[in-house]
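After this come two complexes, each holding chain A, first together with chain B and then together with chain C.
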Partner chain A sequence: MNESVRTAPTEVTRPKYVGEKVQRLEDPRLLTGAGRYVADIKLERMVHLAFVRSDQSHARILGIDADDARAMTGVIAVLTAEDFTNIADLTAPSRMKNYHATHCPILARDVVRYVGEPVAVVVARDRYLAEDAAALIVVDYEGIEAASDPVAALKPEAVQLHDNVPGNLVFERSFATGDAPGEIDAAPHSVRGTFRLRRKSPLAIENRAYVAEYDRGRDALTLHGSTQIPGVVRDELARLLDMPGNRIRVTAPDVGGGFGGKGSLYPEEVIVTALARRLERPVKYVSDRLEDLTSTSQGFDEVVEATLAFDDEGRFLALQADIIGDIGAYSIIPWTAALEPVQVASFLPGPYRTPAYLGRVRGVCTPKPPTGPYRGVGRPMAVFAMERLVDMAAAKLGLDPAESRRRNLVRPQDFPFRIGSGIRWDHSGFMECLEKAVEVVDLDGFRDRQAKAREQGRWLGIGIGTYAELTGIGSRIAVAPGMPINTGAETASVRIDATGAVTATFATASHGQSLETTLAQIVAEELGVRPGDVTVVQGDTAVTAHGTGTYASRSAVIGGGAAIVTTRVLVKKVKRVAARLFDVDPDSIQTGDGDIFVPGTNHRIGFGELARAVYSDMTTLPMEARETLEAQESYDPFLGTTTAATHIAEVEIDPETLAIRLTRFLVAEDCGRMINPMVVDGQVHGGVVQGIGVALMEELHFDEAGQLLSASLADYLIPTSAEVPMLEVHHLETELPDNPGGFRGMGEGGTIGAPAAIANAVADAIAHLGIGINNLPITPSKLHALIAETQKTE
Partner chain B sequence: MKPAPFEYLRPRTLHEAIAALAHDDAKILAGGQSLVPMMNFRLVSPERLVDINGLSDLATISETGGSLRIGALVRHAQAARDPLLARHLPVVAETMAHVAHVAIRNRGTIGGSLVHADPSAEWPLLVRLLDGVLELLGPDGQRAVAPEDFFIAPLVTDLAEDEVLTGVLLPVPDPDMGMAFDEVSLRAGDFAMVACGANVMLDDGRIASARLAFGGLGDVPLRMEAVEAALVGQTPDAIAGIVADCAEGLDPNEDMHASVAYRRRLAPVLARRVLERAAGRAGGRT
Partner chain C sequence: MIDITLTVNGEEMTGRAESRMLASDFLRDVLGLTGTHVGCEHGVCGACTIRLNGTTARSCLLFAAQLEGAEIVTVEGLGSPRKMHSIQEAFRRHHALQCGFCTPGFLMTVAEILETETLETDAEIREALSGNLCRCTGYEHIVRAVRDLVNERDGVAA
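Up next is the complex of A and B:
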């Protein structure tokens, strides 16, 4: 094999996979029904759970009568809080000053604090029986007053939800640069508004589901969970159940969406796992849609009162905001209650050069389901409020909204730029995205059409949403301030096994992000194989020491970065071994398309032959040259990288029915180097559709007593294909970020920009009525009320 | 979201079905598009389900003595593409496009929609608009009920617990009658916030007779007889003025998606649009 024969030089073009529209590797499995979700798991002697959930928002539990349920044939056990005294309450500690961590028992103890909180659990032979038994359980409640509105909950007379949270104020924090109040007083102009995004549900198509199995011989537990964060769940379970991590394995098999709702630890996960060990039987719990709408973490829910001051030319001088975040009954684990509201305050200044900023944020607990991460986290609210203020400021000066943004966006020469909250933007195409979007949409042409339509009594509107977000956040920055865990690093292992097959292992947990394809593309390109040759293993704590999962637009940047640095180490090993086989200099060796070769020679072997030489064939290589074909490296970007975009929405409102129809939606975004343009498009499309929901229909309605009124998909309305126009996506690559792949995260942006763009478009369509859109979602019925109110005051 | 235990019977004849209903707590299962979700939520927990899907005689549409008989087991999708209905009552197909989504239209039945009696549903409104007659069969034989007597309140009808709705008779209208239907819902396929149907006969450019009916504006489908009377003798140009105040005096329900005031706003808009469309279609086939 080491005999060299020179052949005629041939042009070697190594296939590039990063940036290519590679077909998704998970699709054949998922599209032919061969996917395996938690609900598909069926095990011998498996038992099923049904929870009795509180129908009161705030009440004392006087008694629980479960005698009839326990007596039912097929019922194995009924358990309440007193059966779990050995398991600590769930708490999310924070290093933030003045933070009051709530204590959440895994089953309500003495007091319930939201409708949907688990109070008792039935274990039965099947879910039907479990629900029959649950229906027989009588919980005796004594109602307690409570303020379900966050502003009311802050009032001195409000009833306190937790003994250890004075005044229901879980935390308070301020960001200040310069003297914003003074600047606002001195400024020639300012605009002011109170903005509100209503609570929404992440609403993954697959409800949360868990199966736990117990291996009595090894005293080991496995939890199969529909989760985005198997690593976090494993670490928390190890602590709560007081077991070493190597005897608790958490897997996330195929997962049907998360959007943040599967990004936290839930009481049900702890209960399922603990019961599997206690009963020494597999335990299954698949939540239903009603439970999903009442007990999966919810998103947004802030009131933002903000003022923007500017000079005669429309240049921003100062921004001040008072933000109240309704965190619900308990702070979410591990992110803490600060996650969502604090991000509103820290991202409010957005992509603009506003010299002075004062942002004050308070997190308030109310008797409603906990809020948690939801696609966009904080930014949809921040961008909605800021972009409305930008349009209001433009209107006040008679400026074109695009021109107002042009005058204030961070310019290419300003990067890196630190905004008033302290966030640092690295170079990203802020201005370029705006200019591209404005050019494609033909703003002047639209204004002509709008004027003509107005003459015919038709209301057209156009709206811009420009934003920047921080993605792929490294260990220097906490995803949530003061939270106790590190999410800034990823470790990859890439291994060529004895058959020559390539397996790449990550601690990510793809639940729709196409990571099996995109991470395979990266490994394949670096290693010189085809993407289909690479099996990506993820979502299994048994194969990684540490890792948190997939959320916060991190997996492409951090996981992809880890894939690159790891594969580069492995390629060096491959070349060293092949160099011994070919008897050439390692630097002369190339890999590509599944082959290892020396260009211009007949030295060419496949990865299978290389693996045989290393692992199986004891004669070809001396022992010291048989390097294990495996590498493991970590990557931590330390800081994060900035993704920017401009969204433009066009709407037409029927002046009679006030029906709001989205007629066009356009995105110009800079996510750095694309790994797979189809996947980028898919992520943008999905994000925008959720943003359309935020803007036009999705709302969890609660009555004053904290009862959820929109408790089914007949009342909690999400966009369908009929409500979504064709989505145009334009990709810009300005300056690549300083990370191994040049990638920027882009999983959340669609949801961040769309609500603001649509709100501005609706406001533009009804500008002649003198009405602003400061509450989302905006619906025809609400629009009618706004118009009626304006006409009344006129 | 699992139903409570129930007994399941699948009769082969109407006679067997009536016999099976002789029980304290029995419900008929047809398309299951309302009943099954309600059972899964345990909002209803019937002890016995009588599945009539085997009674294929009820799944037909036929012409009989100047009327069309639509069997209770006819699916919305079947009605939407039926040639007899297309010839005589094209408004049915126009209306069916608004009934939920394809999957629901393929399963859901006309009988189910009528006996469920949701105030926003399309079939109760259509039967009221088109002067239909509901045919009920019970242990004591058959009876025919007019829609104004059948629909009593939201989800409440005149159907006795031991009766089956077998079908509905819709008179074949004058071929020159113009008919139209429209509704406003938040999303395509949602229950209507307000639904409206109208038919108009013209004589020499003037309205000879008109029908106007609303769904979603009251507890049951409403016929707007005063508006109908005011339209007679007028030209279609006068429609807008005549319907302008048609929501006054109505007391629609409010829900989280549509306020009373918003529903009142929609009523004259839909009435005008639907009446004008019907008038435009009157006087000949369209």
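Up next is the complex of A and C:
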């Protein structure tokens, strides 16, 4: 199967760290309570914020009475929109045609547009007092009707949420290759469905938190934020507060999970920072879980109506889709509301050779919290819809679902392959992952067990989810269409200091991705030291000129690429300097395990000795040979690289209670060369379990008025260890992608494939009832309703 | 304001708190032990789990005043970065943590269940851990770390 497997692109003679299960360097502090998360930061004279948030989904603010709050002992200030007139509204511009940027004031001005929108802020001596005071503030609202349902919001009679967004249509876009409608009409067969993923919360266990400190003497601000994108936040704050970037520093210290929810700019970040300067003292805000569930960006909320046409052999001919994305009240900053729904349309054709495609996508604003990036972005929905269609098509022809995929997947000889939306897949193990997963799961054996179980009245099901995704995308492709910021490059700087110690600096920001270890592994291998010798500095805008952060499965590919190209430049310097010391040819020098040496000779020194010769001991080297042991290079992959996987789920449904139990889950994936297999497994596991949540549990349930009904962890359920089966992961390394490390991004894939595989497994388990699964999550009560509905129609 | 005297990680401490202050805030803000994390403040996520007189408890569901005279163990009482406890070592060996935010709560739960539960099967381990939420790891590596610790405890070769 792996004929095309080849060894790593770089020949190294020194000990290898890339590809090894290196224990994490960040672990000792995180395991012992010695980490430093934002909520742990305590500063002298620090004051605390509590927000008054809207309890109305769409209403005019008639008045705000904060007199009692202001009179409370310990309350320092109460502020509303009129106190921030010097700060512009937050907007997400885009060059995309037919796009209307929304205007989001940092505190609601005149109108509120979702339950949870900040309306006023209390500054007090401590958090308890701040919350007491916030509870005393009375906001007088006059309700305005609005359609909470995205389809209703598009109707001509719907109330407009923003004056500048006609018909609530924030954007509209189409992708077309060939004549899909014509092909569908002419095709011998087609299947059609309306698919829906319900809104999710990224739900990091650490709620969003911010601390800003102000240096009066220098008129300089530092924001410590639980953010994935310190660079973007810094750039936006500089613009909004009209200060140069060298006087605004944003750090992301230890961050307790992100998953996309900490990957956008939030009004609270601007408020905390602005208030630190206004009050000339440290300001702290730590949100609570209710605030997280109502004001952190939400994910996956689309309706996809799609048709797939195919011939008698089950070969796909055409795909057509109409997609409506519920973007919530505001277009998220900086990504824009197009981020999620447009990716549904652009990834819908998936890893298949479907010649004709027509995908139309509309983004609709509704009075709900803004949607933003959430692990998988667009692709979980796209893959769910497409993989259901693939199974439905297979069923129509009586084909095995694996065989149906085999006949349509892009084959090894087809790469690079351009799908109907314009995405170009580079070589990745599409077919290999499918074959591996099918082989491991023993499909035939399962069918026997399934038939026997069925005789005993037990419902077993198996489902496949096959997908491809684009990761580590370079500057040629914007993360979201027309977005004015570049996310395609990373700059690394690696230096050897006067003691011989190595520090590597990046603009990435880790919130669980293990970058302190994996980037150190790369630098260590390239430089010839041990991973533990390398300190990785990231998540701090003071140490990099430009950079955005960690999201979109980019950091291993782009950050790792920058680590390689930079360290290679540094190694050349090290060898040039050592060559002068040893009086040998630089090419004869090798490095490894902290030593610099010429094999077969007694020329051998440590990095400390080299550093002393360059920086401190002015007698061993002539001046022109004392090169600064430091390098800085950028890496931009220009395009992206393709990651592929097949997920297979087995479920058992209890016919009496309709409880759905996941009994097996396996992943066969191709993420290129692995930096740390343990870390890769961890990312896959975590992603899959979020996908399990998507499929079986998680739903932000809003009523017709836009009130969130699942606003606690007792109502918004995420998987616990008890609902999750053992997870099997099989790694395939087919032809390596064309980037310095041969890496493919893999931080999100788990969440992309799992919902589809589980939906197909549930559909398979209840195939005898003639019910399809088109809505996720599917829960026992929803399954009951589906069955009752079918029986009623019968 | 009340004075609360208690033993934390073997050390006697005294701190002042308002009667309404939560135990989690008291540990973090008054005693400066920020290893105990707060994730939901309604007793679901388990990030704030501590041991109160030997038994796990959610510090966000307790008032500081309830800690008067108590023996408390927090994550800081297990081991230090340079000399970790065997549970912490097992978590590191198995990559049973990613962002680390839920980890202190898991460690306290694991410390207890290793003393009180037989944990013969992985299903029992999963059940015993199900009161702590983790959003990063998918639990797989946590279960493997606990399996390793159980085998070590029971003298079973892995």
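What we mean here is this: the second predicted complex is superposed on the first by the 781 of 794 C-alpha atoms of A that agree within 3 Å, B and C clash if a C-alpha of one lies under 4 Å from a C-alpha of the other, contacts with A are read in each partner's own complex, and residues count from 1 in each chain.
As a working rule, a contact is a pair of C-beta atoms (placed from the backbone, for glycine too) under 8 Å apart; a residue touches a chain by one contact, two chains touch by 3 or more.
Please read all numbers here as calculations on a predicted model, not as lab measurements.
Residue contacts after overlaying the shared chain place A:A785 against chain B, while chain C stays out of touching range. In the superposed model, A:G686 makes contact with chain C only, not with chain B.
Of the two partner chains placed by superposition, A:I144 touches none, neither chain B nor chain C. Counting the residues of chain A touched by each of chain B and chain C gives the higher count for C. Using the contact criterion defined above for the overlaid structures, shared-chain residue A:L709 touches chain B, although it does not reach chain C. Of the two partner chains, chain B and chain C are each touched by A:A722. In the superposed pair of complexes, A:E656 makes contact with chain B only, with no contact to chain C. Applying the stated contact rule after C-alpha superposition, one finds that A:H701 touches chain B and leaves chain C untouched.
Of the two partner chains, chain B is the only one that A:A135 touches; chain C does not reach it.
Of the two partner chains, chain C is the only one that A:G256 touches; chain B does not reach it. Comparing the two interfaces of chain A, the one with chain B and the one with chain C have residues 127-128, 288-289, 712, 714, 719-720, 722 in common. Those residues of chain C that touch chain A in the shared complex are 18, 20-21, 25, 28-29, 32-42, 44-45, 47, 74-76, 78-82, 84, 88, 91-93, 95, 97-104, 107, 122, 125-127, 129-143.
Within the complex, the chain A residues that touch chain B are 127-128, 131-132, 135, 288-290, 656-659, 697, 699, 701, 709-710, 712, 714-715, 717, 719-720, 722-723, 779-781, 784-785, 788.
Looking at the complex, you find that chain B touches chain A at residues 1-5, 37, 41-42, 184, 186-191, 193, 255-259, 261-262, 265-266, 269-270.
On chain A, the positions that touch chain C within their shared complex are 23-24, 26-37, 39-40, 42, 127-128, 203-207, 254-259, 288-289, 511-514, 678-679, 681-682, 684-690, 712-714, 718-722, 724, 726-727, 750.
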